[in-house]
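Take a look at the structures listed below.
In the two complexes that follow, subunit A is the common piece, with subunit B as its partner first and subunit C second.
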Partner chain A sequence: MQIIIAVAVLSTIAFFAGILLSYASEKFQIETDEKTEEILKYLPGVNCGACGYPGCQGFAQALSSNEASPDSCTVISAKNLTKLKTFLGLETADNSKSQKRLGALIKCNGSDSEEHMKFTYEGIKDCQAAVLLQNGPWKCPHRCVGMGSCVAACPFGALSMGEKHIPVLDESKCVGCAACVPACPKNLIKMVDIDRRVHVLCNSTDTAKEVREHCKVGCIGCKLCEKVCPTGAITVTDNLAKIDYSKCTDCGLCAEKCPTKAIFVEPEQPNTESVKETQPTENKADKK
Partner chain B sequence: MIKTKTFPFGEHTPGMKETATFPVKVLPPPERVLLHLSQHKGAPAIATKKMDDDVLYGDLLAEASGHVSVPIHASISGKITGFGNFLHPMGSQSSAFLIRRDPSMPEPALETETDLGLTRRSEILQKIKDAGIVGMGGATFPTHVKLSPPEEFKIDTVIINGSECEPVLTADHRSMLEYPDELISGLKICVAVLKADRGIIAIEDNKQDAADLLTAKLEKQPSLQVQLLRTKYPQGSEKHLILACTGRRVKSGQLPASTGVVVINASTAIAISNAVIRSKPLTERIVTLAGSAVKNPGNYKVRIGTIISDFIEATGGLKEDITLRKVISGGPMMGFALPSLELPIQKGTAGILCWTDEELAIKEETHCIRCARCVRACPMGLDPTYLMKLLKAQQFEKAKAEKLLDCIECGACSYTCPAAIPLAQYFVMGKRTLMAQQKNKK
Partner chain C sequence: MTQLIGILILSIFVENFVFSQILGLCPFIGVSNKFDSAYGMGLAVTFVMFVTGIVTWPLYHLILVPLQLEYLETIAFILVIAALVQFVEIVMKKTARNLYQALGVYLPLITTNCAVLGVALINIKRNYSFAEAAVNALGGGLGFLMALLIMAGIRERLELAEIPASMKGAPIAFITGGIMAAAFIGFSGLI
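This part shows the complex of A and B:
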């Protein structure tokens, strides 16, 4: 008998609570902007902040009120961008080729031999922390610290620590959000056109003698590259070669001449053309 | 029996002061010295000598470049054979003089006794500045600046910091035992310059012999006294010393002088006495050499600028059958590791610790188990474990609101952490990042 009473009482409560809840859900409904919701579907959803807005939600709101342009998102895939532009009623010019795709370039070739180390670092695995002690464990004051702060900062898992204690970029994963740039205490990461193949992998403005003492593969400012370049794209200032990418033709003559191999021709990575649908491997942005 | 005083929280670190009974040995002048122009907090000194100049012991090499700056003096007689960028113990390349000793050149006797008599306050301060005196406990803040606090603070107490709370180091302990008269006259000078009412010599109770000696010497002077403190880390921190001795708290973000107290390190007080009474510039200091890698640990009076490898060699060298793992400049808690032995002993170098695997306990960092031992250890009343989590997530502004900038980087939290989390290193990193951000904003 008792069990029947219990079931009856609970059922009654459940019934009235149900009525109350269904009423409340109608009455206190939060209005959502359908347009924003629809825009959000096309955005990558990684909240990297490269557009300058607080996450994808903020960017979507700005888009729906016409405050921003879809082009501000560097992460979005070409396919989604076209779809988004069609949805917003913007002109979908042929932007698949004309728009440069940016990627991170770590400007250090990284001499890895023991003799170029000052000491063995024991402490927090963080570049900022390592730099505070004697300006990092390497003799070269410009060398990549190699503790992987940029690897940790990348929301797409595009960077991984390489054998030479220098991060390696997976071009197919990099979306050019530049989240890694402020993570580097030595300011070694630059955003460049990802399809470019010839780069100067050194950021040292020290003299040739100093570079030779610290490193085997650094730029010594010998100007051989400047002389050999057929288009005049390379200039050496402050003992450091710099490529003007607007003039560079990726011929690779400079890299052949470079005595320390500080100028490097990247091998063509397969499937760089097919830009993957941007999916964050690990959604760190949400965790925060 | 004098009652011992202390501050709340803190950490009981093992003393390991084996060298406390070793009398100070005076080392002969080294063959070469390397003197950096920046051995103190503030602007580096400006060189007045140049390459190939002959200099005598005590000659001015570089003059102070402003109020918060001190001059540098030659610590041996010889020839300047190098002037340029040399590696600084803190890691940067900065300008320094390299002097080679010339045995034919005389070493002038610097100790000329002068009568203080009617010397004016400003003259004494000028003398202290001209002697190049800085805080010799390791902070290296120019002493004349400390002795001329802002007008609005009325200083009534001078504390001589003889607590030497860092384990292993015994340089201040030996200085107090062997130069008690200089210490007392240094204290008197500070009291007179600051127009203070009283002077306190604060000593931890593990240095009873020094306390007894100084108490006996101060018997007839009611305004000067010895205060025994409980042995606890970081008793020698300026703020905690003031709290223990006078009960006054330094408010967050304020100068210690705002409490009406000025704290001077024991070795510094001896240097002040030598500078004012004997016109002797700061050219030598007492350094504790310790660690299982050295043959003859002890306390040595060395010339400032002596290269550490020369210094160790002069004391008898390293043990042959042992591998040197780490060299620390300063104490084990707040000192820093050196990348090479070819670096000079500076004005603030209180100790050189040559460690092998025997002393080093480097453990892998594991996860915080929320035992709150760091909270109990933190002398500033912070929550180290929470701050560490904020800093790991790069939440610098939140950490600032949690008073990260109050951290004195004493390392008591790292020492006590059973999970071997380098807490203090996170805080140092966070503080530097915050300071850099503030600079960028300006």
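This part shows the complex of A and C:
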């Protein structure tokens, strides 16, 4: 008899607990928006935040309420973008292919010799931390700190630290999310059209004399590139050459003329060949 | 009233569930990596412990004792606690989604958290009245919350400290917990 009471009591307790739970799951049911769920399937799901929304979930909600455009996502593949646009009933623009793809550009050529260092930094491997000490270990105040904060910030593993303490971009992996941009304490990373090949790899606005003192491959503002450019795409302001990418034709004449090789023509990057191997050697600049 | 305040201090400091009774170490080590999730977990455990204390006391004294089923206390308490945790989880999923995601697997683990079951059993063992049992449960939860927060604060700093690679993570956390437990012995004799 005793055992039956025990079973009955426990069953009753379990029964009431079950009723409580089923009531709760009914009462606190989460209305899952089917449209949002469907949109989420097309999104990359990496939550990089390039679209400006908190993760893919937030972006999907914004899309489903027509607050955002699918084009805001720079990471999405062209195939999924077309599918997503079809799903949302938007015009499937054919120019999506010609739309320029953004990629990170590290605007430093990186003079690596020891004479250009102020001291050897042995602290935390972090650019922000290194900058706190005497504005970094390098003499050039604009030089890439080389501690790899942007490498750590990249959610896609597109950046890696090159031999010259300058990060190297793997163009096939870069999706243009710009997560690396705020990671750089020197503001060296710019988002540019990834197919562009000619770049000014320097961010120094110092005078020629100062640049010469702490770097061999920096822009000295000599204006040779400005003169040679057939389309007038290059202008030198504040001792720094700047390329207007809308006018640039990637002819590379400026790079040939540049005495310090601060202007640089990237080779086509069909494979994952790294940029650093083809960067101008310092010896060339030495002879000048 | 003095009695109740005494029990509160006793359960928070003198007989802290983590440091003095060595209960609930799973979330103590598992969720104390980040201060925010430690805070959420601590609050969740505090809430579950408090409700457990309130629910299990009448369950024992009004149902089990009259039916002479005191030996069923453990299984009955586990049943109630499991249902309660599920309930909290469902409510939290709806009302505090970020907290729900931050707690992850540890919220269901409260179900088998010995600190929660412990508070229910201690209430019975010490023959507490209903008010005393509620205060003891609340104090136990607050003590757990405090332990978790102190631990999370220390561990966030330990992240930056240079310690041998083999000691990183859980080992140094256990050593830290041990030293803190030794420090909490200082409260013994307070009540």
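Here is the rule we use: the second predicted complex is superposed on the first by the 241 of 288 C-alpha atoms of A that agree within 3 Å, B and C clash if a C-alpha of one lies under 4 Å from a C-alpha of the other, contacts with A are read in each partner's own complex, and residues count from 1 in each chain.
Just so we're on the same page, a residue touches a chain if its C-beta (ideal position, glycine included) is under 8 Å from a C-beta of that chain, and two chains touch if they have at least 3 such contacts.
The shown structure was predicted, so the numbers you read here are calculated from the model rather than taken from an experiment.
Shared-chain residue A:14: touches subunit C; no touch with subunit B. In the superposed model, A:78 lies in contact with neither subunit B nor subunit C. Touch criterion met: A:6 reaches subunit C, while subunit B stays clear of it.
Once chain A of one complex is fitted onto chain A of the other, the partner contacts of A:118 are limited to subunit B, with no touch recorded for subunit C. Looking at the shared chain after the overlay, A:129 reaches subunit B, while subunit C stays out of its contact range.
Contacts of A:168 after superposition: neither subunit B nor subunit C is touched. Between subunit B and subunit C, more residues of subunit A are touched by C. Residues 124 of subunit A are contacted both by subunit B in one complex and by subunit C in the other. Interface residues of subunit A, counted against subunit C in their complex, comprise 2, 5-6, 9-10, 13-14, 17-18, 20-21, 24-25, 28-30, 124. Here subunit C touches subunit A in the complex through residues 59, 63-64, 67-69, 72, 75-76, 79-80, 82-83, 86-87, 90-91, 93-95, 160, going by the rule given at the top. Residue ranges on subunit A touching subunit B, taken from their complex, read 118-119, 122-124, 126, 128-129, 132-135, 288.
The touching residues of subunit B, counted against subunit A in their complex, run 90-92, 336-337, 339-340, 362, 365, 393, 422, 425-426, 428-429, 432-433.
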